[in-house]
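First the structure, then my questions, so here it is.
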Amino acid sequence: MTSTDNPVRLHPAVAPNQPDVTPALEALYRGFESELLVPLWTEIGDLMPAHPRSRAVPHLWKWSNLVRLAEQAGDLVPVGRGGERRAIALANPGLGGRPFATPTLWAAIQYLMPGEDAPEHRHTQHAFRFVVEGSGVWTVVGGDAIPMNRGDFLPQAGWNWHAHHNATDKPMAWIDGLDIPFQYQSEVQFFEFGRDSISDPERITPERSRSERLWGHAGLRPLSATTLTPGSPLLSYKWEFTDRALNDQLAIEAEGFGGTVEPGHAAVRYTNPHTGGDVLPTMRTEFHRVVRGAETAPVKQTGSCVYQVFDGSGTATVGDRSWTVSRGDLFVVPSWQPFSVKSQAGTTDSDSGALDLFCFSDAPIFEALQLDHMEVTR
Amino acid sequence: MTSTDNPVRLHPAVAPNQPDVTPALEALYRGFESELLVPLWTEIGDLMPAHPRSRAVPHLWKWSNLVRLAEQAGDLVPVGRGGERRAIALANPGLGGRPFATPTLWAAIQYLMPGEDAPEHRHTQHAFRFVVEGSGVWTVVGGDAIPMNRGDFLPQAGWNWHAHHNATDKPMAWIDGLDIPFQYQSEVQFFEFGRDSISDPERITPERSRSERLWGHAGLRPLSATTLTPGSPLLSYKWEFTDRALNDQLAIEAEGFGGTVEPGHAAVRYTNPHTGGDVLPTMRTEFHRVVRGAETAPVKQTGSCVYQVFDGSGTATVGDRSWTVSRGDLFVVPSWQPFSVKSQAGTTDSDSGALDLFCFSDAPIFEALQLDHMEVTR
Amino acid sequence: MTSTDNPVRLHPAVAPNQPDVTPALEALYRGFESELLVPLWTEIGDLMPAHPRSRAVPHLWKWSNLVRLAEQAGDLVPVGRGGERRAIALANPGLGGRPFATPTLWAAIQYLMPGEDAPEHRHTQHAFRFVVEGSGVWTVVGGDAIPMNRGDFLPQAGWNWHAHHNATDKPMAWIDGLDIPFQYQSEVQFFEFGRDSISDPERITPERSRSERLWGHAGLRPLSATTLTPGSPLLSYKWEFTDRALNDQLAIEAEGFGGTVEPGHAAVRYTNPHTGGDVLPTMRTEFHRVVRGAETAPVKQTGSCVYQVFDGSGTATVGDRSWTVSRGDLFVVPSWQPFSVKSQAGTTDSDSGALDLFCFSDAPIFEALQLDHMEVTR
Amino acid sequence: MTSTDNPVRLHPAVAPNQPDVTPALEALYRGFESELLVPLWTEIGDLMPAHPRSRAVPHLWKWSNLVRLAEQAGDLVPVGRGGERRAIALANPGLGGRPFATPTLWAAIQYLMPGEDAPEHRHTQHAFRFVVEGSGVWTVVGGDAIPMNRGDFLPQAGWNWHAHHNATDKPMAWIDGLDIPFQYQSEVQFFEFGRDSISDPERITPERSRSERLWGHAGLRPLSATTLTPGSPLLSYKWEFTDRALNDQLAIEAEGFGGTVEPGHAAVRYTNPHTGGDVLPTMRTEFHRVVRGAETAPVKQTGSCVYQVFDGSGTATVGDRSWTVSRGDLFVVPSWQPFSVKSQAGTTDSDSGALDLFCFSDAPIFEALQLDHMEVTR
């Protein structure tokens, strides 16, 4: 390393509790710089704040813009080995232009043209797909073909071979969530190329994948499954079941019993049927339904989340930002920023008027390390 | 305690490796007796055998006999506070006439006449119901009414208030499984009386209980559930889903993929959706389907099991015993005795010809203590 | 099985809440008997009591009697293959004359003459040795020779090869604790013979065994240990350290800080340094020191314990029994019986006047199964 | 946010597997920029490499330089509320001049002048102190005064109040390790000021802290400790015990048995006696001793480490860098870079000639998330 590579630059502060700025101090700081040292006393306010202070900022991405640009990319950008996926990621404006929705989470729209294949690969980054509209693509995981339709959630634990195929004559878009920023910062990721194209039998999509037939029965574990894998063995959580679970909670509430998180607010967490825990070691995924006119209590949590509006419309408030949101819109909740949503009557012609939200977060990381904290204002 | 209460009686053995039987030895043994002592050297063969040697014996109880006697009890024996339940338990002939199917497990037929209530109580003993035929009774657990129909499995973790009600004009029978012998030997059990009768709203049976509506969706945890209880929060595992899960495994096998335990042998374990583990801390419950003509590999396991034939017929072999079994029959597999079944073609007129078996065991006790061992002869 | 083998005998009770005793009922009961069935309604009071009701009774064994009889056995009973150990077990008078101190625990005095070897074997039963007096024997575990001296505690997890050797010209006695009754009732035990005699290098006793040198450093795990075994890898807990730990707690109490369980009552639990949990999967072992004049609060617990007085004297109260106890005496605390001790001033000429107690229990079994309950009267 | 705030800048690449650079593509990329989007296909090589590729670089800091600059800081920089600590952190040249030794770990020299106090505070960042030379300072944790001497290791789990006091007439230096970069990137940290000065009783240093007297006895848990805290309750691991544990391993190796990691390489991991696991939820700490002339096998691991030479000298090799190291020197091993050391005969006049190394890493983070991988070349 030459001296020009040395990135340390120290600037004495004129502030209470800081040493007097004297020539001797300047000389000391030059000494620190030349030895690649940085003092705590100039940095502590930034590094050790009283509570989490996010560099990531609350931000909203409109689905219509994402789809429009994805369509253009469909015309201009091929999908193939090397580029791997036609995926376009949210870049939080507070994170330096990197494709990071939050310091730990990646969120992207992926787009596949009729007949296209995205080639097989595997990586230690955990991933999932969530489908806000469209159908016709399936993901092939370890040779098991999984259909993708509106409302379906497909977790994809790290190091599983996977490819995508669009079997229809229409393009299709969905969102991908991954822990790319976390594994990038931590420098723990591996990646491997697989086959360039899937086999013909894998192009035949059954209505239900093998994983669903083995694991998609509540409270029934296949005895043939003897090894515990890091992520969920259930590779698709179909919309039909999520929708019914939410309606069941609201029906129980209507009968006068518990079952919802708070009045008018039903919610499920996607879980690994083998462990009852989160579907992925580093990401939590949930689905929330807020009935027409209801409002959620503001919550602050360590760690960050990304939300996508699945249906309905309403107002989302994150820190000092507030947006009107509707189908497909994505927004980010940075660490320790209060978050709440309100479902708005009359702004939707859907049957229920409920605001339906999919979300994912990095909570399992901080729970595993006992660094999770939460405050609810009720 | 008077001397007559002293139960110790020692008998010197004339055998290799035993001390010579002399007057001095006799005097020593009298000394042991008077001080309530027993030497290891006369007992070790019984106490510390080379492998588990069960006092419980393989035994078969025919369902027709159980039902006949239960019907007679229906006429002669009232159900009410004190006696609590019209339950008639299997008494393994190797266990001294006690109502113990195995050293750890209780299995009984319970019988409720039209309109009868079994009064509310709770106990630390873990329990479940399994319905081999009939319908019309429901179990009310903590105020949640759960219907009981053929093939349904209802776990009942310890210390939950529960009662039964027969809403129909026909009697109904089912089996109860509990860990009564284990808790009795261990002397760790508590019991409490509840209300003498359930309330009117609890007599209205919804098609699905609240527990099923909250927890009966594969891989979807209600966010309102924040505390982990010792047993499964899902209080009914309906037959429809168990049946489908087994057929799905056989379909996957037919397509040329894994999914069954061995050829023609599908099986599920009932699990707690909150943890992925066994439904009850001390009992494992499973359902096995063996297709027409298939035979399972002999298995030896530490701990004991009780099986009930749900459908079909075939041959069950336990140790040196072998029986032809059919619907409702119950039999016991003692510790470390080899067990296998064969489904018999032509002996049933059911659609599939498959032999369907429900079973429960004490495996979670020995897994928790790392005392579980298994040998499969394949 | 012939009919004479059928052990079921039913006796209708004339009691409230029992069916009327009629010829029809008698016929029904004969029917139950012939089908090996027992009704719940005649058994429930015994099987499902309001709280644990122990068949085991509180009982005291005087050390002087045990030693006297063990010495006689030393003259009359050889130690060798088949009988395996010159061990004489406590037989709780409530447990039918079997060598069971409690329903789950075995406690015995073992006695080895000068120069004798007890042959090598292994078994799934977990075991330990505790030395109340004497020295000169060592236990060889997997080839590692471990000296035994007054106050030393030696856990011996199941399935480790082990032998004993008396290197001195004096006999030595100590106590063995095992989970024999639990594994016997559960029918999960395995046993295997090893070498008939140990090798010469194993007869050389180092001051500290290899296990102590690898694992006997607080909070320091040897990096070479990569596999987790079911029991503690530390094979001796020397008296010097136990004594110091207890004195440290009393010193902290004297300085005005917490550290003792209650005033004047110091206590340590022996733990597995690899997990921080109990040294053995089925047995908990502790050492308690009650200073002169102090008295412990009565405690009720599910599961049973055996105590041995290590030093000092005092009064032990178990249920409605109370004894004056002194060095070496053993007594039993059955399930859910209140237990307390008082250290008696003036009855001992030891330096401290403290009552020192070693104890072991079956608590890990019931903690693992969430069946542990405790009540303290303070 | 104004447009000037938008940090996204995209540059089409002329490369295989990249879309053709056309005006249409340029327009698309401008569209991405304006909507805060970044495509995967230009980033994947950096974000998803075949194996971990560290931005952090191997680097060595000489202890003599650190001490010299710390002494100058002692004269120029006061210690007090606001700056909190006179700590000077290693800034890895690959990490942009931030005070981050690695992407997750902070390592600093802390320096306290005679009679100085560092004021009390607490934070969620986990921390420890390690003393390579000197004595006379103690750390007061929750009112418990803990002396610091050469070789002592003091873990300091998050959210414990702590202060430092130099009781002597000489300055003292030691190293602090924290997970500041990890909690900073993750945005999960809290911080709170405590008392400005400690009380007089806390200035009296006992030879052993209360924590050591309660928890510093191998395999003996104080029964008064009933709650499990996130980090180790043992607040000092004294040098005397670490040194003895390492020598014991080498003695066992010399006797012809296992015990060392590899020939001539003894090592211990500091563990939490309450759990047997790492002392801190996010940091692993170990001590390694490599005897004169021995060399360790190269190891690659996900996650990063910092080493400090405690005694002896030798050669450390990290990736393509190699340094001669001696007492106090600190160096960094980035993720997945092969690391080995060799102890050099003749370069030291210490008794043993062994190279003694303290190290800490972020391994518990990645083990908890199942992202830990290791390769050893032997």
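Chains: A, B, C and D, in written order; residue numbering restarts at 1 for each.
Going forward, contacts are C-beta pairs under 8 Å (C-beta built on N, C-alpha and C of every residue); 3 or more make two chains touch, one makes a residue touch a chain.
Since the structure is predicted, the reported quantities are computational estimates derived from the model, not experimental observations.
Colleague: Matching C-D on over half of contact pairs, by residue number: which of A-B, A-D or B-C?
Modeller: Having compared contact pairs by residue number, the answer is A-B.
Colleague: Cα superposition of subunit A onto subunit B: how big is the rotation, rounded to the nearest 5°?
Modeller: The superposition gives an angle of 180 degrees.
Colleague: Please flag the chain sitting at the greatest distance from subunit D, going by CA centroids.
Modeller: B
Colleague: Roughly how many whole angstrom separate the Cα centroids of subunit A and subunit B?
Modeller: Centre separation, subunit A to subunit B: 44 Å.
Colleague: Give, as an integer number of Å, the spacing between the C-alpha centres of subunit D and subunit B.
Modeller: Using C-alpha averages as centres, the distance is 53 Å.
Colleague: Determine the centre-to-centre distance between subunit A and subunit D, using the mean Cα coordinates as centres, and give it in whole Å.
Modeller: 30
Colleague: Of all residues in subunit C, which are in touch with two or more distinct other chains?
Modeller: Touching at least two other chains: none.
Colleague: Got a list of which chains touch which?
Modeller: Here the touching pairs of chains are A-B, A-D, B-C, C-D.
Colleague: Quick one: which bits of subunit A touch subunit D in the complex? Just the residue numbers, please.
Modeller: Contacts found on subunit A: 1, 5-9, 16-19, 22, 24-25, 28, 31-32, 35-41, 43-44, 47-57, 59, 61, 65-66, 69, 72-73, 75-78, 80-93, 95-99, 103-104, 108, 123-125, 180, 183-192, 230, 281-282, 302-304, 334-336, 362, 364-366, 368-373.
Colleague: Which of the residues in subunit C come into contact with subunit D in the complex?
Modeller: Those in contact with subunit D are residues 208, 210, 213-224, 232, 234, 237, 241-242, 244-245, 248-249, 251-252, 257-261, 267-277, 279, 286.
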